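I've put the structures underneath this note.
Here come two complexes built around subunit A, the first alongside subunit B, the second alongside subunit C.
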Partner chain A sequence: MSGNPPPIKISLQSLSDTKIQEIAYDGRETFIQPLSMSESLTDLANRIDFLAENEDEETQTDDATSTSVDEAQYQAKQWPWENIRTQIQRSVIEMNVLTDVLSIAQNKPTNVPKETAESSDSNRYMMYDFASKEAEPSKQSLQMITKKRCLGAASKILLSGADRLNKAKSESSFQNTYHSELLKLRQRWRVRRVGEKILGELSFRTAGSDYWHMGSFEVIKKSDEDSDTLDDYEQNLTKLTPNVPKSPIKVVVSSDLRGFSSLSVQIMDLSKDEAIKSCTLSLSDIENSAMSSANDPLWHRVLCNAQNVLFCRELFARLSKEAVQQKTLGTASPIVVIGDTITTNIFPKIQLRVQLLFSKTHPTKRNPRQASIFSIQNALMHLLLRYFSKRLHISPPHPTTAALGLTTQMRHAAVHHNSLNQLAATAKKTTLSFVDVLITMSKHYEVRQRVCDTIKVLSNEFSDPDVLAHWSLASSKTESSARLTIANSGFESCYRSAVQVIVKPDCIKILQRDARSLTLSVDPTDLHNYFVSLVASHQLMTVQVLSRTLGWTMLHVSPHSSLGLTPDIKNRGSVLISSNNGAVSVAIACNEMIGGPIQYTTHVQYTKAHDRSQLEGTMYDDPDFSLESEKYLPLGGVWMKVNWPQLHGRHFIQKMETLLTSLVY
Partner chain B sequence: MGVTYICQWKQPEGQNIQQSIEQISSCVEKLGAKKAGLFQVECESFNAPNAPNAKTLHLIYDSEFPASRFALFEESSFLVTDVMLSAFLSKLRAVWQPKKGGKIDCKGQRYELGDFLIKLGVVSVGASAKGISVELEYAPCVYARDCWGMMSEMLQSIIGEQAPPSLPSNLQPKGTERFSPELTMQQYVEMFNNIRKTVVAR
Partner chain C sequence: MVEPANYQPLSGEIPSNVNVQEYFLQGSILDANADKLKQRLQGLCDNVPPEPFTDHEQIYFLKNATSMLPIIVKACKSLVKPSTPWQIKYVGATEVGEHNKPTMIRSCVTVAVSNDPAQFLDNLGFSLQSEVILKGYFYRKGRLKITVSKISVPPTATCDTSKLEASASSHLVEVNTTASPRDETAGDEVKNFCQLLRPAIVLNKVDHRKLQQWQ
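Our next item is the complex of A and B:
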């Protein structure tokens, strides 16, 4: 045989022998199902290693290029884009294959005419099928174990961190607490380092005060030995609240600020020699719990107390400076300043005393029985704050060339042609006079107390008409008002009198319903007198209105008739009324016994129709008189006094009503 | 700030100024007015010789408005300023020069009677007294027309027959304008001019 036959490629394929998967105990055999068409295709597709193919191709090309390097180099020079071109060509081929595969798999209808196109169902070459997924471990115990392990690892990290923090905290070395305490001190107080020493300042300079006291303190590191020695002052401080933690810092304040101080304002009645009302003012009242708490260390308490002492001293210094220079007075006696006390008589026998209390060891005790005058406390505090803010906050001038420090109104005063009165009024508004405010406020307070007491006493005395006093909420530091309503119970709709009492520091003004206004002095007897006359006039007015409703006519009203037989009876008004048929007249007089209660005396004159028989023989029997004789009958009647206690009725007006209705029949 | 009326009181024959002032003061005090300090109105006049048709400028200081100074042109504009006006004007010496014999002032007593303010003053040029001025101010009202009745009654009781019967034309504001110190100052300037004329006439 000449010529070798060309090599024939033989492909081998195993027999599709169904392999046995399992043989059961009863001899039954379970075969592994042979792969279906799609499964075998996927199997083959899985076996294709696309990357290996590329590598083979690349190695082939490499060999090709390496054998003919020169040629390639020559060729490369000629065609430098060859590599790139082949790569792009290969990727284009692959993209085309992909699109073809996708379109066949989706079985998109092509543009082939209908005769040649065959039904889609029979020509389906490729189909989508699900890719096989890995089964998740369905065992729950396994999941739990893995989660537990992960959480354990995370918690270990956190615990180690917490352990470190704990160790750092519990490691209380003396040096560490000293620094932390110093930090706390710096957070609350102004402290700075001067060379070796640490100094601080507790004055109110940054708030606008111009008090001379420097208010500086020194911070000292306490060594362990003398951490237990406290002097009297500090012991008393610690007694106030028991839980004082020990601290490695000691604060040294100047000796005149060590102690407890407060400012007390008292209004005393010299005739009774006891303080009526007093108020004590100290910074710690206003501080309250916002600034300090029970767990504050000792140094904080020392500093707070020192600041309080400074505050009281500054306020007192301001008050005494103004008191000494005071020219215009509203007081009964001049102001006397001795040492730490300012005294003046605001009214005769009423003394106002301002005292600066300072004690090295014990805090000032406040008498719990005496209520404090909050308004004066507040006003003094406010004045000081306003003074501070005025020094600190100066409004910038508009225009900028104008004088600094003036308010807008002052600057415009010239150009808006303010007259003398207007200028005086603005000057009065802008001055901050501590003593003026204190005096007017205490006078107002005192006068108001007097008015209150008088009203109470009088309303208790007169149980007859009901007296109601309603104090208005719209009151100021120097003025307050009350509305007095007088009405008889059961007869409120009949008549009610109302009067407005305006309390001022120097006088009491009364406004009546008929637009009359009276000015009474501050003396309580004035108000007492007025009150009595008011009640009396109310009663008489009610009688008038009542009689009018019942049909009686008013004959005569007089507000005051000095008809008392004895000098110790004061008359407060009288009324004369008569019934509508003229048969009965009633006269009521309201008298006040000096030193006693008000009593009403009533006289009734009534005439019954005289019998004709009695008149026989008298001049009334004359035929000329007969027509008019009835008119004159009541004239000769006798006045009879009414038995007041026996009359039915709870109070005066009710008794009057009974009387009037029973007399007319 | 109220309505003000100013007039010159012609003293009766044979009396000098001192006696006239005493007479009218006693009249006012009998009405019940209380003395409330002194008052002063000063007027300085300036003119601009270089500018043609320039009006005279009057600078007025009234003690009733102590923080302000007034600058007034005759029948023309009006200005309210700060106290620095005279210093400012002295810097403008090149344009505005003080008129000779231009300084007039009016000094006297101030009386308060309820809501009324009465000022009796002696008008003098330099050291010599030239006349008597009466000023009446009713503080609560700012409309001249509304309170003229009350003011004329008051004037009649002070200066008798010389009181004007009806609201003078210069007090009648244009439309319903409020009374302002401008009108007061205009009245003063008018009165000072009248007094100057009588002085010259003598």
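Our next item is the complex of A and C:
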């Protein structure tokens, strides 16, 4: 643009728009009042930096030479914003320094790219540090007071909670104990709710029983009034154990289960008409003591008893059912079932009786004099349990269309080759016959008793050789064995007899040392005979061995002639021995008087000191009848009987030893 | 050892020529509710754990000259225990019976065979109609047999029992027992047991003739 126009002065004035302080909700605006004259004056006065003026004055006084320069500088600052500008500049400088300090302290330099920010760790010039506070001086008393107060507050809370629990527990309203008793009942017995009633079941069905009795009971809530009325049965129950706590529950069992029941097995000797051995079986005997204790409430005892009755009845029912159907018998007479008694004669004159005892009021008392046969008790119980488990745990048919109830073995047997014997054996293994087991066990028991008694009697009879019977611990329900050892005291190393006696329900088997086995019947006289002959043969064998050791020779042995001089004497064996020089012969015979004890009769023929002098005058002195050798001398001697009681020695063998040794010398 | 002429050592406790009638009821339940049914059955049945089973069933039929209905024989094999023998089951016609009869009745004879009877049945003239795999659980109460199973089509080529596809989304439930024709209580037993399973499942008599018309 050519020809600049002359500068026109333009004066600018800001709009005197008053700033809005506030806009009310109804639109009214409240303005900040503009500064009045006095206010604006004070504002300007505030902006004056008096300190700067003082500094200026100081520099003026110090630096006299540069006053002109200062003046010039002072003149240059005449325009009114200079002060403000310098102040602002100073504050900006301060702010910059502050931001730099902060950024250095935070270690975030802006120029450096972010990747190398970590590496500048080593170049930290400034770091933050905690402002350290002075530790407060600990006032112990104050601490204790505060702790006490805090603990007190905590304990108050706990105590209030415990109080509440105690109250709840001690507050025994009838309703609460009823529910808790019901819970205890449910823990031990199967109960369920049917409509209004609470019914339960105590039969053994879930264990596999198929007894027809339902075994159900009802649980009734007792009201307060009739809590003390107990009838006879319950009174007797409570008498058994003293501490019966009162409970608000009453249990009603069907009337045929109320009572005390047990099963008794007796073996009776009909000739003497008294029970030899008996055993009574009831569930309570075998019940685990951990299951019931003296503090059990009445309902538990009632239920346990009812279950016991059911158990005995079921066992008896099984036994009687099988007894009636029994085809093959091992008994002397058929089995008779009348009412609650099963009787049979297992041996002639020995009767086995099984009885179901039931009484409404009193528990069945066991006769304390008679010992109980634990093995029979155990066996019957075991059988019933096995029967239950067999019914329950049938191997399921695979595939499911197969017949139910066969064992796996039988299923395979159906398609494989078998013989009738094999099948019969498997069938026998799987069938459980209660009556069979009972009969065989009782027979075995009886036979064993007989063997025991015979041995005792004989060992008392024969004080001479010592008879020892050692019963083996390895025995089963139907078989047991004993080992009989016969030895003479003092001469055990000389000779000892040993025999094994095996006791079976139907017979007695004897195994001898020479591998011979004999089968005897169960008749006690058989056994008696055998034992007597055993003892006699032992004695004679001992004599033989003894004579051999002493140098005597055996001339003749006859083990058992069984005939004597007179019919009432039985000969049990005889031995003939002679000394080594042939001068003496001894003959020993063992005889038994029928009905009496055994006697040993010994005859000795000794021909020693057959001097030539004695022969003079006899036919032997004839020169024709020349006795060429001495060996003919011993013949024809006289047999003389030995005076047995006067012979020195405690028993037979010792006396024999004395005799033999004395005869030689 | 002398035994009577009709001694049957392999028949268990019951002689086999007596139980020729099967009393049964069938029904089905959706898979979702099958668990509830199983729990109920476990409570009602004998106190043994349920037995899982997998059976392969082949149905053979023989056209009968005399009557309209063919003779049906089922050959069953267990896949869980392959060593147990095959079973052949002859089933007669199902009698629904009158209304007073509690269950469906059919005559049935089951025997065990040693090998796969396919050859044998083929020689007799039977032809394979269908085969099916049943996989489920087996329960037992006294003499009642209860099966809850899933039907699936047997895989033809590989015969891999672990991967079976079910043909339907429901389980087949069957309650049956075998008894002699003169036994009147067997049917009632089955019926009473089925009543206990309501309302989880309703087992009723099904008219098999209507089912067979579909073939």
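FYI, the second predicted complex is superposed on the first by the 466 of 665 C-alpha atoms of A that agree within 3 Å, B and C clash if a C-alpha of one lies under 4 Å from a C-alpha of the other, contacts with A are read in each partner's own complex, and residues count from 1 in each chain.
Going forward, a residue touches a chain if its C-beta (ideal position, glycine included) is under 8 Å from a C-beta of that chain, and two chains touch if they have at least 3 such contacts.
A quick note: this is a predicted structure, and the numbers were derived from the prediction, not measured.
Student: In the overlay, answer first, second, both or neither for which of subunit B and subunit C A:Ala403 touches.
Tutor: A:Ala403 contacts subunit C only, not subunit B.
Student: Touch test for A:His417: subunit B only (first), subunit C only (second), both, or neither?
Tutor: In the superposition, A:His417 touches subunit B alone.
Student: Looking at A:Ser40, would you say it contacts subunit B, subunit C, both, or neither? Reply first, second, both or neither.
Tutor: Neither: A:Ser40 stays clear of subunit B and subunit C.
Student: Check the residue A:Ala207 against both partner chains and state whether it touches subunit B (first), subunit C (second), both, or neither.
Tutor: So A:Ala207 only meets subunit C here.
Student: For subunit A, which residues belong to both interfaces, subunit B and subunit C?
Tutor: In subunit A, residues 413-416, 420-421, 423 are touched by subunit B and also by subunit C.
Student: Residue numbers of subunit A touching subunit B in their complex, please.
Tutor: Residue positions touching the partner: 413-423.
Student: Going by the contact rule at the top, pick out the subunit C residues touching subunit A in the complex.
Tutor: Those in contact with subunit A are residues 1, 3, 9-14, 16, 46-48, 51, 53, 55-57, 74, 76-78, 80-81, 83-85, 87, 89, 110-114, 134, 138, 140, 142-143, 145, 147, 178.
Student: With touch defined as at the start, can you tell me which subunit B residues reach subunit A in the complex?
Tutor: Listed in rising order, the residues of subunit B that touch subunit A are 1, 63-70, 80-83, 139, 180-181.
Student: Within the complex, which stretch of subunit A touches subunit C?
Tutor: Against subunit C, the touching part of subunit A is residues 206-208, 210, 392-394, 396-406, 408, 410-416, 420-421, 423-424, 426-427.
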